[in-house]
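As written, the chains take the letters A, B and C, and residue 1 is the first residue of each chain.
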Amino acid sequence: MTIATHSLHISMHGDSQLKNLTSSMNDLLSQSGITNGTLTLFVKHTTASVMIIEDEPGIRADTKNFWNGIIPPKCDWEHNVRNQGEDNGHSHLRGQLQGPSLTIPIVQGTLTLGTWQQIVLIDFDTRARTRELVIQIMGE
Amino acid sequence: MTIATHSLHISMHGDSQLKNLTSSMNDLLSQSGITNGTLTLFVKHTTASVMIIEDEPGIRADTKNFWNGIIPPKCDWEHNVRNQGEDNGHSHLRGQLQGPSLTIPIVQGTLTLGTWQQIVLIDFDTRARTRELVIQIMGE
Amino acid sequence: MTIATHSLHISMHGDSQLKNLTSSMNDLLSQSGITNGTLTLFVKHTTASVMIIEDEPGIRADTKNFWNGIIPPKCDWEHNVRNQGEDNGHSHLRGQLQGPSLTIPIVQGTLTLGTWQQIVLIDFDTRARTRELVIQIMGE
């Protein structure tokens, strides 16, 4: 078995910004030489997530509107009330619900993504930050 | 290490239809001969998800009602507005939140599902489609 | 490849109670001797989930309030209506959305958690129960 590990650092500005990572993941898979197994993508932050979407402008707009509706930015989240200077209670709730990781099968040297499936990082925070991701490719 | 890969094609009619896949997963695990490791189930579409539920008629009805309430079908999702002929903006938002994959441990030749845990495919789209799933079983 | 499997039993009282499992996961990883690979954590119940959060009192309060708002406890969930004696329809819907598992990379003998990331079990049920979790550590 081979295990290939990579780390990515990505500058994001928050406010549900989306960054497409599909070609980066394909590149790392090619470098690994692994033809069968799984790729695990993990973001090391509590206010950002990775997910799979059809990446077109309409979905991007809907995604941002959806999160603002269901978990709105507001002053009175307890995270903000109890911790002076914090304003990102909503960012935490979004991140923990959407989740920090994806696991994608690798078959015949390729991620088994469907035609419209794209891998994206979403940053729910309220300010610009550099985000770190770990990519673990395991297989043969 | 052994890696066994399978592909399933399942006819679905959308509208939050649920299909129980538990016995199919157990059959594929038996065929693999793997006794310890993990099974990863991945659906290759942006408007369908896999998840684990107690599969009884009440939960099925609640699941459909929950999604219609939290992310309703409506004309003015930007995905529909910006892409002529599209009516499934809500299907995309549901699919990306519920997620495309599950990873389940295998111990002593068995998936470690609890008594009431069943593996299901849910199709959030607005029309009938054939759905493809990839099953990757890794272990010894 | 090495595969180390563990089972944990944890007493919970429901009502969105949170239990921090991070040090337990670190201990099991140390025991395994595995330095590169993945840890999969899986809860064997339909009304509990595992997730990653910043574990501080404000986030704990927000998490409980969020779930009570988005999927409230109420008598008329179909799971309750159709199954005499059941009152936990909301617990099921929460558990299936948050999900039963986490997969975390292991690099140089350590889980790749960020500074603020903590692993927690959340119990959505309406009464005290003992919860069983499976931990599968795979790697080299």
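Quick note on the criterion: contacts are C-beta pairs under 8 Å (C-beta built on N, C-alpha and C of every residue); 3 or more make two chains touch, one makes a residue touch a chain.
On a predicted model such as this, the values are computed, not experimentally measured, just so you know.
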item	value
Overall pattern in which the protein chains touch one another (line/ring/star/complete/other)	complete
Classification of the chain A:chain B interface as same or different, half of numbers criterion	different
Intercentroid distance (Cα basis), chain B paired with chain A, Å	20
For chain C, residues contacting two or more additional chains	1, 70, 97, 99, 103, 138
Interfacial residue positions of chain C with respect to chain B in the complex	1, 3, 5, 40, 42-46, 70-71, 77-83, 86, 89, 92-93, 96-97, 99-101, 103, 132, 134, 136, 138
Complex interface listing, chain B residues touching chain C	1, 36-38, 51-54, 56-59, 61-63, 65-66, 70, 97-99, 102-107, 112-117, 138-140
